[in-house]
Amino acid sequence: MDAIEARLHALGLSLPAAPIPGGNYLPYRFNGESLVLAGTISIRDGVLTHAGQVGDGQTVESGYEAARVCALNTLAAIKAALGSLERVTDVIYVAGYVNAVAGFGASPQVIDGASDLFAQLYGECGKHARTAIAVAGLPKNATVEIQVTVRFR
Amino acid sequence: MDAIEARLHALGLSLPAAPIPGGNYLPYRFNGESLVLAGTISIRDGVLTHAGQVGDGQTVESGYEAARVCALNTLAAIKAALGSLERVTDVIYVAGYVNAVAGFGASPQVIDGASDLFAQLYGECGKHARTAIAVAGLPKNATVEIQVTVRFR
Amino acid sequence: MDAIEARLHALGLSLPAAPIPGGNYLPYRFNGESLVLAGTISIRDGVLTHAGQVGDGQTVESGYEAARVCALNTLAAIKAALGSLERVTDVIYVAGYVNAVAGFGASPQVIDGASDLFAQLYGECGKHARTAIAVAGLPKNATVEIQVTVRFR
């Protein structure tokens, strides 16, 4: 276990199995010194942890938890790609998508569930540029999806 | 005609004319060794092939066809940028947007219409990281839009 | 004041204060020779200039103005990152998000409010690849958000 995973455990969290793509795509692709991850949703062990829309069943608080689940799936994909979470030097960008009712305006508070975790694990290097928007729907009707780009050594 | 275009023809498909931007933007931009394409919609010869939302007139199956139309438009833009489709070494990333009713959860099955074509044409190099989300609306009320980044030689 | 800012003033516009992130993220991140900006919304001096959805209170015309406000916020973040707007060599990519009613199809005309400004300020180098989509909601219920990637010297 690497130092980042140890920090994850200290937070009471653990890495899930690496995400299985839900279509004809790959969980990640290298682009020069960037690692481009596929989107990951709020699912664990093949079962959605959070389904449905924020504002209709889900709340900002449960959405925050859903975003953390997404981040854990992305971390599992990073480990599959790089062998160790310690090889990440910078989290560059997080695109956050919240499955929400029309007019929902608190997507940043939801996506902070992912951003907070990256910052807790990686410190300043884990902080990133970001968008957080509400969308009409997400795969399998998941509540949250994130898509991340990191740099690595 | 290059080998990729020959493969396209063997699939019964052909390259459309390069897409004309629907606003004050460019069909592509180079960023170092990456070619960043603008979004392309389900249109051919200036006429939408698939319009309206999946779940309200369009289906997962027709959306799949719409995504393939988008991929053909992106390929036409790639040829305009690089001169030959053979210069693509890797399809890095596909962002897929499905114009769909609220709560639509099958965007991956729709966007596979684009991803399957890239994989058929380029094999392993055509496989990519991806997001596939449902959105409230797309330009001209098109059913699908994709936005692609590739690497080239 | 640099030459780009002088051009901005000649258009009757001025740079706002650099945007303050609305969550646990950074206004920008460097990725090699790219500067990746966080999304910026239609807000100025902490007050939304344009709120609510296009098609329900806002129009294509007011959305166009909102997109220009977003572009000004992005330019302020670029200045904070690079010290001078003149260090931008290429605007690579603009992702444009319009908070709009379901089925809205004129997002390109809205996002042109940002694209036109980049082209006015930077000429050919300011032109970019782009997507423009309608989404279910944006942070603080802003009418428009853009997310930009540029190259710099």
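We just call them A, B and C in the order they show up, numbering each chain from 1.
Simple rule for what comes next: a contact is a pair of C-beta atoms (placed from the backbone, for glycine too) under 8 Å apart; a residue touches a chain by one contact, two chains touch by 3 or more.
Since the structure is predicted, the reported quantities are computational estimates derived from the model, not experimental observations.
Asker: Rotation angle for the CA superposition of chain A on chain B, to the nearest 5°?
Answerer: Value: 120 degrees, nearest 5.
Asker: Given that chain B and chain C are copies and touch, would you call their interface same or different according to whether over half of its residue numbers are shared?
Answerer: different
Asker: Can you compute the centre-to-centre distance for chain B and chain C, using the mean CA position of each chain? Integer Å is fine.
Answerer: Whole-Å distance between the two chain centres: 25.
Asker: If a residue has to touch 2 or more other chains to count, which residues of chain B qualify?
Answerer: Answer for chain B, listing residues that touch two or more other chains: 32, 101-102, 135-136.
Asker: Using the touch definition up top, name the residues of chain A that touch chain C in the complex.
Answerer: For this pair, the touching residues of chain A are 32-34, 90, 92-94, 98, 100-109, 111-112, 115-116, 119, 127-136, 149, 151.
Asker: What residues on chain C touch chain A, complex-wise?
Answerer: Contacts found on chain C: 21-29, 31-32, 36-39, 52-53, 95, 97, 99, 101-102, 135-142, 145, 147.
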